[in-house]
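Across the two complexes that follow, chain A remains constant while its partner is chain B and subsequently chain C.
Coming up: the complex of A and B.
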């Protein structure tokens, strides 16, 4: 059980748990930073409880009927009797109402709630119009001119947007867009969860994974036990045990940090009714163009893929730092070399002229991969527009690092220490 | 002295310098280049920038009510120029647009009008129209300045400063985006500096400790006084690093061409925020740079302390990650960016600086006391 001994070496480093605790605290602060939205978000849960999340004619009928009741309540309580209000927000925006607020607290809260419901009701009616007016060709041209793509790269963007157009038609046929979800333009819950929290998780895990992998791989060199351990019968094969130990520790840490952070997220924000809502629904839209996933994924499926990609990217980082450690043999230098690689992975694609399709190829590296986690599996990012970008990047790099890693280990077996 | 010099050389060996240089270049590329290259960023900011420079040449750093009338006159002259341009163009005359007023009131839903507008503003980019737009922006912020700043003074204690704002005698010329651009740059630069200081200075004790040379060193004549020498070496190193970055930064920043605004008070009529102090832009630059030096020294002190107390590299990096994260967050909030903005009480800013310096001094003194009698075996 040499792996166990190696694990013990890691467990005996108190610093790892200190850093993990710090990151957990940090993540809780990040998750809580949106908690002021909780009340408004819960309005949607009530709506879904009464009408279901699917938007169809029957649902809109009963939703509309109830909405009319609400509007008549508004007109009842309105202080200005001459006016007739069509929507709760009109009363809220009415100056005379604002200045001489004669409502009691309970009614005022009710009014606020109705104005939130209004948002959903009014936008739900506009879905068809919005999706009819989506002009992907125009979006492609806009993208090309804002980023300055030319030549072959511009062609690629146009081509991909055509494919995205097919997917958009399919999405509309499936009715994926007609589902209730938190209004993205107001609350930005998609980018909050998948971008801000996702990025925080990815970078925190990256720091931990690189440190742990480097520390255990270099352990013998840094504790001057190389000459003892690597001359035993097990000898250089110890490096495999070290790899396994790093793998197990990193796995536990990923499980812990992701589990605690996201568990806390879902305890704070109630998503329980939305697990099966398609991720490409209209309400999720944050930018002018709605999120269009390449596949018909529900929220929970998208979420599972998101976690999976985080884990995949961390495994790639682990591979990279394992290889670096064998060559450099110093945790301090490995850590900063890794940071330089990270910087290079992000900047190098920016140096390629935006006319060649090399731009897209260079984006297929694990460092550029983690920059837009909220656009994973979506046809929204200009550089990651390919349908199989995520899959190709992770699989190709796994094989590539596997090959380089095995060669490095092979070399390490025969190396002078 | 010689020992200190050796220690500095050990810290700044070529491997580490190469590492730091590479990190700095990548950092520059990712976070700093944009604010150097794209300043002022597009139109009409570029036009506002030019107009305000002209204003300073004409009126000095301040524009009082009288000069404002003159400014309005210039605006009218520009409008005449725009009118002349519109009348010289057949397509505009055809569309019935012959004055600047008509031009601004064009119906942009109308296709012909929209095309004409796009052509003048974007395709051809006729300067006079952009300039007029900038002048309007400036005039508007000058006219509403009294109302705008009134609400912000409630928190200010200094009576003289408060009165000055309430009087409405805020006539200084300094576009807010110039200060914002400087703020972005100095914030990112200070992060780069503290990271570099951590990378370089953290090695001061740990390399010797890991080589077991510390035992040898502590039995020499200098002995435990080496702690002080190493401390001085790390302070000098962090000073050198900060100097280098600040120097490079100032050279690059001088190409942004904002020197003409240096004598303007930060509290211009075009400002978005209110400051606790009545200082000029140049003084503001001074204060932020002093802040950056203080932070670099504090970070160096903490790194030196940790380098002596921590026994391996992973702990050394691990311990400093929370410290760096917290410092970076504070830098973004109030330690460097928006220094002395009224968004945070002034005593919090000063208190944090004093607290950090006290912390650095305290841990080092405590360690020195311990160092004198500690058993090294």
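Coming up: the complex of A and C.
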């Protein structure tokens, strides 16, 4: 009953609904910003329907045979009969073809589609070569010199890259890399989903979670009803009801905003055939070094962890704002203090000398944690390269905030009001 | 029985109350002192918003902080600044407070309806409180304090904002309620408590100056309060010499009420001291008392 009443107070705050609607609209715009790729992305779905996503000898044979048929068709429609084209892209790049433009719309679209298929076929043939040429030792040295790591910190990087090397071997043995997926270097769908949309969700939810937690915790102080409410039978335990109400509201908002945004994403971009594709596949590569997850995770497993980490980070932000609210007792001041803490959490690790391993330890805070969601559980982030970085950060901070929060509530019970 | 044992309250270096010993049984207690004397501090300690720096407050022999919600369950409190949610109706606000007071839904529905009728708000139960006058808000405050039928009812300046008719009504309600509970009524308006309080508590210099009946407190000024009719020309001299309790104009002269221990003049009329006389006497600045009844 009391929690329900506290929930009603939050529901009746118009600003919360307005901000949520604004964020939903914003996320839809962000999701749609890549919609021009939809047709090209759908080509891969057709390929997977025909050959499956796993790249093996039989699949490549079958794929290769069909590809040759496509190349034959290219040569049939080619304006220059003397010229033999090996790939659809060669025809597309031929100036004479471009100027003469003899194809009808349907055939032209078919040619474009074949050039997309070419990308997958040609790339698939190069996977082994690419993975054989990966030099993680060299990557570690490149990273060390690029960022300027020295001393113990540089040793840590070398050590972690050695561990990553073992994981890379395991990944190759498992064949995780040999799976079809959207070409990362062309479409950057991993960054689009896990970085751009992920960051938007994280920061939007952060704003809502901090405001909601502070607003309900400080509600009595801001409405000058403290003297009446905290002298009732429920007394100062009301703060626990407020915490629960904030938790329920934040939970619903997380569920809603994440659900609507990602639901809209998957309705726009068809991932239905790729749920079980390992996230560390070759095609997902966006940078010179492919994404190497510390564990063998499928796309759906990685996605679930991604959502879980977003929720975990928001719960940590909720804990921080709840503690701040008990001390500060003003929603806007809590919000600005939180922003200052966010700034400190992000910038302080930057002031530590790059020779000290403290630089890695200081990254283990909830604010630095949210900066590269696309690299969660991956060995690709230089400062977050530890295998258990995400787990350690979230678990340690949960216990830490739990302890500080309990002490703060205990203090509140004895505070002079 | 509510007992304060050697209670002191400090805020940093500032001592608000020192070594307070009080005992409350069923009945109305008027806590009478000017603003800033420490009434609200004392009340806030009684309602567990503040905690004594020294000493103990016990209810039926147990420290009130140990009793925790058991104590607050028998407590009704109207603070000096009664806060409310502007967009709530009194019915809804009282419903919320009833939930905080541990009342079940059916019980509280009936109780809220009765109380709003009692305080004269029966016809505006579903009107938003932002449209209420100060007096109406204060009546909502009184109703919420009585929601849980408290054994200890503490009212801090409850008549602020009430018109004379409402004050009279309020005093009647209190008299009815006082039979089986402790009512502590803090005020700086003497007439609020003079007629209804079983005992008056007066605080001065951080300690309890009086805790006694109105009659006994008033009797401390027996044979010292006089009334006299003086010409305007003599008024200044009288003001200089005596502590004036009240002045009223009558034709060309002024009738003054004052305190003195001097040999009375034949023109003066000795009057029965009232609680207000004691209040004015006790809280008059020491400087003004010079040369008067001292």
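Worth pointing out:
Assume the second predicted complex is superposed on the first by the 417 of 417 C-alpha atoms of A that agree within 3 Å, B and C clash if a C-alpha of one lies under 4 Å from a C-alpha of the other, contacts with A are read in each partner's own complex, and residues count from 1 in each chain.
We adopt the following convention: a residue touches a chain if its C-beta (ideal position, glycine included) is under 8 Å from a C-beta of that chain, and two chains touch if they have at least 3 such contacts.
Everything quoted here is computed from the prediction, not taken from an experiment.
Following the overlay on chain A, a side-by-side fit with no clash is recorded for the pair chain B and chain C. In the superposition on chain A, A:330 contacts chain B only, with no contact to chain C. Between the Cα centres of chain B and chain C, as seen from that of chain A, there is an angle of 80°, stated in steps of 10. By the touch criterion defined above, A:339 lies against chain B but remains apart from chain C after alignment on the C-alpha atoms of chain A.
Once chain A of one complex is fitted onto chain A of the other, the partner contacts of A:2 are limited to chain C, with no touch recorded for chain B.
Touch criterion met: A:347 reaches chain B, while chain C stays clear of it. Legend: residue contacts after superposition of the two complexes on their common chain; A:228 is shown touching chain C, with no touch to chain B. In the superposition on chain A, contact of A:416 is made with chain C only, not with chain B. Contact with chain B, but none with chain C, is seen for A:16 once the two complexes are overlaid on the shared chain. Superposition on chain A places chain B within reach of chain C only down to 7 Å, the least C-alpha distance between them.
Those residues of chain C whose C-beta lies close enough to touch chain A in the complex are 44, 47-51, 68-69, 72-73, 75, 77, 79, 81-85, 87, 96-97, 99-102, 105, 141, 144, 148. Contact residues on chain A toward chain C in their complex (touch as defined above): 1-2, 5, 9, 12, 220, 223-235, 237-238, 414, 416-417. The touching residues of chain A, counted against chain B in their complex, run 13-16, 18-19, 22, 26, 207, 211-212, 214-215, 222, 330-333, 335-337, 339-340, 343-344, 346-347, 350.
Chain B contributes residues 15, 19, 22-23, 26-27, 29-30, 199, 202-203, 210, 312-319, 321-322, 325 to its touches with chain A in the complex.
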